[in-house]
Structure formats: structure tokens, C-alpha cells
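Just so it is clear, A, B and C label the chains in written order, and each chain counts residues from 1 on its own.
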Amino acid sequence: MVRKPAPYLYILPALALFVGIILLPAAGTFVLSFFNWSGIGRDIEFVGLENYRAAFRDGSYFVLSLRNNIVYLVATFIVEMCFGLAMALVLDFKLRFFGVFRMLFFSPMVLSMMPVGLLWRFVYSPEIGILNGALKAIGLGSLARPWLGDPATALYAVCLTSGWRYAGFYMILFYAGLQRIPKQLYESARIDGASDLGCFRHVSLPLLREVFVICVLLCATGAFQAFDLIYAMTGGKPYHSTEVVATWLVEVAFAHNRFGHGSALAVMMTVIVFVIALTYHFYARRRETIEY
Amino acid sequence: MSTNWHIPPERRRLARPAQRPVLARNIFLYTIVIAVSALMFFPMVWTFYSSLKTNPEIYANAWALPELPRFDNFAEAWRVGHLGRYVWNSIVCTSTSVLAIVAVASLAAFAFSRLMFRGRDLLFAMFLLGLIIPVQIVLIPLYSAMAQAGLQNTRTSVILPYIAWGLPLSIYILRAFFLTLPSELEDAARIDGCSTFGVFSRILLPLVKPGLATVTIFSSLSIWNEVLLAFVFLKDDSVKTLPLGLYAFYSYHITDLSLLFAALTVVTVPMIALFLIFQRQLIEGLTVGSLKG
Amino acid sequence: MNRRIAVGASRAVHFMPALALVAFTACGGRGEHDATGEPSRIVLVMAHSTTGDPEKAELDRTVAEFEALHPDIAIKQNAIETNIYETIGLKSLFSGGTPPDVYSQWGKYLVGQYQEAGYAADLTDELEKDSWKDRFDPSVWTSATYKGRIYLIPTSIDLTSVIWYNKKIFEQNGLEPPTTWTEFMTICDTLKNNGIVPVCFGNRPLWPAANWAAHLISRVAGEQLYDDVLSMKPGTRFANDAFIKGLGMIEAMARSGYFNPGLNGVSDMEAIMLFFQGRAAIHPIGGWIINHAKKAAPEGFEYDAFKMPAIEDGAGDQTSILRLASGYMVYRDTRYFDEAVEFLRYLTSVDVAKRFVSRCGTFSSVQSAITEETADPHLLTLVSMHRSAHTVVTAPDVGYDRAKVLPFMDAVSLVIGGQKSAREALEQCDRAVAALR
């Protein structure tokens, strides 16, 4: 069979890079979480678990940011999955010019967060935004509100934008998954009298399981890393209603000069997400293979 | 047990039911497609036509079409933002990183999916960590390490982190693609006397072209638009990347929107081009799925 | 014992990743790297947050001139966008072991912080030479001094919360700039009844409203109490009567609907758009609006400023102005102290300062730089406002420890957004601050 050292050689470059650039600095962060440090100067003070305890006291928005993160995760998941899958299915019909449409569907992914945040801020803007403008134009002016200024709607507005932006990514994954399904299965389903919807439910959906598993995992981990877009759109405001863990820890570590506390938050967040991801990964693996 | 995935056109048409429902369905689909396309594409359209306006025009009405299109905004943005130099740096950083990611990740993904060795699952789980650890918090130890290694202010100092951070997702995706390939392929090749590396490079790798294309596109996009590491690690004009150039349009609390939009248009065009190119690879790779025997 | 653990740990933090990276340096492609090894030319590294035109162009020109006058000195600029500079950028330069020789900085609190960290060179004696000190507006030194020594060369005076108003709207509604708070409220009422947003803020970054509120509060509570509370002097609390009264005035304004809706989700760019489009009449923002208006305001847009109206029975100086100063500091352990100082002298020479005033609209702290010829009329308005103020109030967002001031800024945003009463908000602020102490 295969000689012992060979497999390790294959993963060596990846491992070396990963350990050197991510793991070791992360270990540094872990160590730092037990100290108080303002980020400058050499005044470092050991404080044990104090940084961890401080996350749950008044003035800390860690718990709120966790809650917001979970809402963000669920909301963006729904938007991204549904939208991404729908677009992939539509593309699968191979209408004319579908290559053009595929590019158009994917185009939000090409933009960096700056223009996306900028644009959507204008869309949601209370006085000069097109969302309120459109609502007023069709007589639903009473629904017009400061979407990003009202703590009740701000988070959902951001989730919608995030979902809009990343749907293209999931569309690609679903689309690739759909191409993997042998055409004969659709044929036999149609010969058995299945409609379009039937084909979708009984052929496409089950065979996309593998892709779903990936998508859920990516969505979940990505949701906790979410920073750029939220920072560009609301910066966690108003009143921390759109504060997620990543924005809060950056604020704490760099704007408040509490690097040790920020490190502790990062460690906690990493642990939480890691547990979730690991659980999900092993649960999904057990139900992985589909024979056909 | 062979699977023939390639169906000749004649047989495909036979599988379709009668004509009229198809027409209605197609109209319905086209409407949706056009609506969705508009929804997805309008930011780019907006960025583009906004870049043809002057600042007073934009500030007066953010949505109006330009009165007199000003194409010299692009040249102006190019000049003010030093975009020429930054474009080159971005190209170097992105292409180097992406090539490295594809190479390193495909090797690792192959090992994780097809080879058995001790600690395989554990090591793979460890790479998942890379999806979770936020860049921001590792920034200062990483920066200090780069400085001590003498790499400060070089393109290498960002390329290495880009590769490292691109690996987890790429390995995950490629591994998933490798897993969908039947093991019979490998057995057949080995019977013919192929080495492990041969199996990898000559048999399996070509079959995961869609996966490679996917990884290329996603990595390119995130690296091309990356701002934080670039800002902290790249200080010389000679090594700065394109996103940094955009900040030339932000002076203290004032944003020169017309030039900013012009620069954004310039920045996005290469990425669209890249996607268009790799779109084809995606299709081509997908039709090469046949197996003999 | 603690210190040794700390030092050891910090060394480990820096050492471990470097060890790992040594393996890659051999195969890494090197880009350009700075010429610090060259003995024949001194390279001065200057870090700052001026990335945009016209200031950047002017700075580049000044640097080039200086290099021409001093062929043995080269200046390498490291321009990092403001937000990133203030949060991560500058810090990582120091903690990463690549400290700049000269760096831009805000006055007051940060000067002290960087001095305590060991990054600030004492410039007091240098300023005494050749009457360098006399060039500057004498009131700036309070922002540049820490424990009696000067560490900052203040190049500009920053008025970050000036009450600008739309002249045409005022004329059309028969209004005059107010001198007292009651007059101000009447104006707001008139504007609101005529369908114009009286006062607009883009309070997403929190400081626009917080700075304005801070000034108002200092007028009500007196500058000493304001300073004591913001500096977290023991025994002080935010929820004291004077603060509650001051913030309560803003609460009243919010209740009367005098602010633009959803202002806590509005960015400063959108707020300025509202102002330029004539949808809002009054916009308290900093002096940079002068440049902004030149670039982006519609034809014939006329605006002017009025001072914070006098508060009846306010304990503070009713002529006071909210102000920050900013400038450059020199790294304490720089190898090129004399060269750095030489450059700063050049940067603050009258001719160079005049150019910054005329081309960039900078409110230079070099006194003779602002004249009728060099300065935009709006800048002259600001200068006279500054001169007529007997007291200077420091803005909370940069002038004090930001971590401790954030709860206050949160409180202001809650009140101005109509979410909480002044008393509730300030009490919540106290709880948060107590947890941080």
C-alpha cells in the first residue's frame, strides 16, 4: 500500500504555513488574554481570568454581540441558502444567455465591502434612500423608516445586505453540485411522470446533501467572522444592536486599548464556534455517503 | 459499475414533455431571472454611472443619472490614487497567493480525502480553526513576527498570510470535490502501475477542475479586495495594493465620491474579467466527466 | 514575579511566530525594502493619517522641498487612513518593533498615553530655541503638554463641533442666528413647522453628537466639573445634576422632533448631503466642511456658523469653544532626533503654514499663517470664534481615554435617539464605567 511518510508530505506545506502564520500568532493571542495590555508600551500586567470575567459585566457588549451574531447567522443563512439555491436552479434550466445571467447573479461577490456598504447605506437612508422612496411611491409610505437607525430593524437590514452579497457564493456551490447529478436520474424521474417541482424534491434536493453540509458549515463559521460588511454599514450601531463579536472585539482591542480583553473575547468566540463546527462536522459525516 | 454522464443531444430532447407548458414556464423564468439580475447587478451599474458625475451632482442626488458624463474622472482617479502602481502590486500579490493556495490546498485535500494516515481527521479539524480565528486579533503578534523575520514592508509579508488564510476554505472545498470521485478511478490507475502522485496529478486533479476554478475565484476575490493586512503591513507606495489606493479619496472626513466611484469601477473590472474567464473553465471541466469501462 | 512572567510572556509572543517564519524567509520573494542600511543618507520615517488630497499633495510638496534643502536627509512617509491609523495602524508600528521617527497624533490624552508608553521625545527645550515656540497660538500648549513638559508640536487647531447653518433657509424663514438657548429652541420650532429638519447629525460614529453634547454640558456644568467627570476623578459620577440637566436639554430637543430621524444610523457623509441638499438647516460638524463644501456643495450654497448659544444660568463660560489640537510627536528613542526636529521646524515655518492654510484650509496653529489673503472667509469666522472664546473645552472622543468615555458617548446617542431619558442614560453610563475602573 502507501508508504508511511508520503501522506504527511502532501500536507506539509499547508501545515507549515498554517502553523506559522495562524496557529502560533493565535497562541500568542491566547497567552495575551491573561494579561492587561494597552497595545502600546511595555506595560503588561498579569491578570489571570479577569479579562474573561469582564466580558460578562456591565459595559461589556459581549453577550449582546453573541446574540446578534446568532441572529445574523440564522437570518443570513436563510437568505443565502434560499437565494443561492434558487439562482442555481434557475441557471440549471440553461436558458439562453445563461452565462450572462450567471455573471450578473454572481456580481455582488466581486465588489469589496466598501462599495457594498456605501451603496446599501444609501438604499436604506431615511430621507434620500431609494427603499423609502420606492415605498412612498407605491403608497406604502407608512412603512418607511430609518432602517439603519432603528434598533429594531438595523440588524435585519444588515442581514439582508449580507445575504444578498454572499448568495452568489452559495449559488456557485449549489450549481456545481447540481451539475454533478447524472442526467439519467432526471430522465427516469420524468418518464415516471414527475413535474419540475417533483424533480427538484426527489432528485436534486437529496443529491445536494453534500453541498448543503458544506454550505451550512461555511455559513456558520463565516457568520462569526463577519466584520467587514457590518463595520462598513453600521459599525455596530445603533446602540450596539448590530454589534457582532468581531466588531466588538476589534473595538475593545484597538479603540479601547484593551488588547488583553480583546484577546480573551477572541479566544471565547473561537472556542464557541469551534465546538459548533466540530459537532456539526462529525454529525454530518456519519450521514454522508449516498449510494446510487 | 459505470456511470455515463454524457448524454447525446438527441436523447435529451426525447426526455422533454410537450411544448406549451414549457413556454409559460420559460416566460416565468425569464421574468424572475431578469428581476434578480437587476437586483444583483444594480450596485455595479450605480457605481459606474456615479463615477461619471461630479461631486456636487452626487451630493445633490445620489441616484440621478449624470447630466454630462465626465469620463475624465477615470484618468483623474488613476492619477490621484496612483492606481497604476497599485494595480501591479495587487496583481502580483493576488496571483502569487492564489497559485500557491491552489497548489498547496489541492495536495492537502487529496491527502485528506484519499489517503489514510494517523491523525488525519484531527489535522483536518485543525484546519477548520482557520475559518474561525478572526484576522484582526492575530494582527499584532503576526505583524511583530513579520518585522522580526525581516519581511516588513514587502509583498511577501502579506502574501504569506493570504495563503495561510485561504487554505482552510480551499482545502475544505477541494476535499469535498475529491470525495465525490469514485474510488474505482484510483484502483484502475493503480492497477496500471500509477504512483500515488501520479494518481493525484494525472487522474484526479483534472477531474476536480470545477473545484479548482471555484477555489481560484473565491481566493482571488477575497485577496484582491483585502484591506486590513495590506494597510498594516504595506507601507511603501512601491508595494501597496489597490484597496489602499482607494483611501486616497478619503481625506479627513471628506470623501471625494466621484473619484472614489471611478476608482471602484477600475478596481472591479479585473475581477469581473477573471470571473468571466473562469466561468468557462467551470463549464469545460464539468463536461469532462466521463469514464470508460 | 508578575513582571518577569509578563516580560517572558511578551518575549514568547514575539519570538514564537518569528521562529516559524524564519523557515519561509529563504524562499520568499523580497519586494522593495527600505534603505535604512545606507550610511550616506539618513532616512526619517514619518507616520501619519493624511491620505487624501489636497492635504497629502501639500505634504508631499513640503517633504520634497525639505529634502531638496537637506540632501542628506530623506523622508519616508507612511500614510495610513485615519480610522485604521488611530485604532490599529500606529500601535502596530510600535508594538511590531518598527517605530516611526515622527508621527502625527491628537493632543491631550494621547500625548500622555504615548509618553507613559515611552514613545514620546521631550520637545520643551527645542521649542525654546530660536523662538520656535512663539510662532504658535499660545492657547495650544495645554493640548501638547503632559506633566509640565511638551511632547507634541501642534500643527493645527481642530474645531470639531461648529454649528453651521444654511443662510438661505434662515433668510427664507426670517431667522437670525441665536445668541441664547431659548432663541435657539424658537428657531428649531419654526423650522420644524415649516417642514425642514432643524438639526441634523450623522451620529453613526458617535462622536458628532457626543462632542456637541459635551460642549453643551460643559456650559451647564462648568468646565471644571466637566473635566473632572470625563477624567474619571474619584468621587465623580456622570449622573450628577448638572450633567443630567445639560443632557436633558438634548432630550427635550429629541422629544420635540428637532433632529433628523434615525440619526444614529446615519453616517457623516449622508448628514452632509442632507445639509447641502437643503433638507436640514443646521449641522454641527467640524471645520473640514469648508473644504467639503468647496468640493461638493451645489452652486450658490451659502452657509455660516454661530457659536453654541448661551445657556441661562449655566455655570460654564458662555463664550467657551470646543477644541482639539493635533500635530506631530517624535519618537523618544529615535536615532535622528535633530533631523526630526529640523523637519518639524520646517513644517511649521510661516511660509509652509500659509500654504497649508490657503490650499487646504487648515486651521494652522502658526499664528501669522492665517490672514485675509490666505484664508477662506469661513476659516476666518472660525478663527475669530476661537479668539473670542475665553475658555477651551476638550472634546471627549479624543481628548480623554476613549475606553472610559465610550459609555458616555453611548449615553448621548441613546438620548438623542429618543431611546432613554437623560437620567437613565447617564446612570447606565455610570454602571458601565464602574465596571471598567
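One rule holds in what follows: a residue touches a chain if its C-beta (ideal position, glycine included) is under 8 Å from a C-beta of that chain, and two chains touch if they have at least 3 such contacts.
On a predicted model such as this, the values are computed, not experimentally measured, just so you know.
Novice: Quick one: do these chains touch in a line, a ring, a star, all-to-all (complete), or other?
Specialist: complete
Novice: For the pairs A-B and A-C, output the one whose chains share more C-beta pairs in contact.
Specialist: Of A-B and A-C, more C-beta pairs in contact link A-B.
Novice: Suppose every chain is reduced to the average of its Cα atoms; which one is closest to the average of all protein Cα atoms?
Specialist: Most central by this criterion: A.
Novice: Nearest whole angstrom, what separates the Cα centre of subunit B from the Cα centre of subunit C?
Specialist: Result: the chain centres lie 39 Å from each other.
Novice: Taking each chain's centre as the mean of its CA atoms, how far is subunit A from subunit B in angstrom?
Specialist: Computed from C-alpha means, the inter-chain centre distance equals 16 Å.
Novice: Which whole number of Å gives the spacing of the CA centres of subunit A and subunit C?
Specialist: Taking the mean C-alpha position of each chain, the two centres sit 35 Å apart.
Novice: In subunit C, what residues contact two or more other chains?
Specialist: Subunit C, residues with two or more chain partners: 13-14, 16-17, 20-21, 24, 88, 91, 95, 273, 277.
Novice: Taking each residue of subunit B in turn, which ones touch at least two of the other chains?
Specialist: Within subunit B, the residues that touch at least two other chains are 61-62, 136, 140-142, 145, 160.
Novice: Please output the residue numbers of subunit A that touch at least 2 other chains, ranges allowed.
Specialist: Each of 17, 20-21, 24-25, 28, 32, 39, 122, 128, 250, 254 in subunit A touches at least two other chains.
Novice: Which residues of subunit B touch subunit C in their complex?
Specialist: Against subunit C, the touching part of subunit B is residues 55-56, 58-62, 80, 96, 136, 139-156, 159-160, 228, 231-232, 235-236, 238-239, 247-257.
Novice: Taking the touch rule as given, give the residues of subunit B at its contact with subunit A in the complex, in rising order.
Specialist: Residue positions touching the partner: 3-5, 7, 11-12, 15-17, 25-26, 29-30, 32-33, 36-37, 39-41, 43-44, 46-47, 61-63, 103-105, 107-108, 110-112, 115-117, 120, 123, 125-134, 136-138, 140-142, 145, 160-161, 163-165, 167-169, 171-173, 176, 179-180, 196, 200, 210-211, 214, 217-218, 221, 224-225, 227, 243, 246, 261, 264, 267-268, 271-272, 275-276, 279, 282-283, 286.
Novice: Show which residues of subunit A lie in contact with subunit C when the two form their complex.
Specialist: Subunit A residues touching subunit C: 16-17, 19-21, 24-25, 27-28, 31-32, 35, 38-46, 54, 57-60, 121-122, 124-128, 145-151, 154, 234-235, 237-240, 250, 254-258.
Novice: Can you check the complex and tell me which residues of subunit C touch subunit A?
Specialist: 2, 5-7, 9-10, 12-14, 16-17, 20-21, 23-24, 86-88, 91, 94-95, 113-114, 116-119, 197, 203-206, 260-267, 270, 273-274, 277, 279, 402-403, 406-407, 410, 413-414, 417, 419, 431-436
Novice: Which bits of subunit C are touching subunit B when the two form their complex?
Specialist: 13-18, 20-22, 24-25, 28-34, 49-56, 76, 78, 80-82, 84, 88-89, 91-92, 95-98, 268-269, 272-273, 276-277, 285-286, 288, 291-292, 295-299
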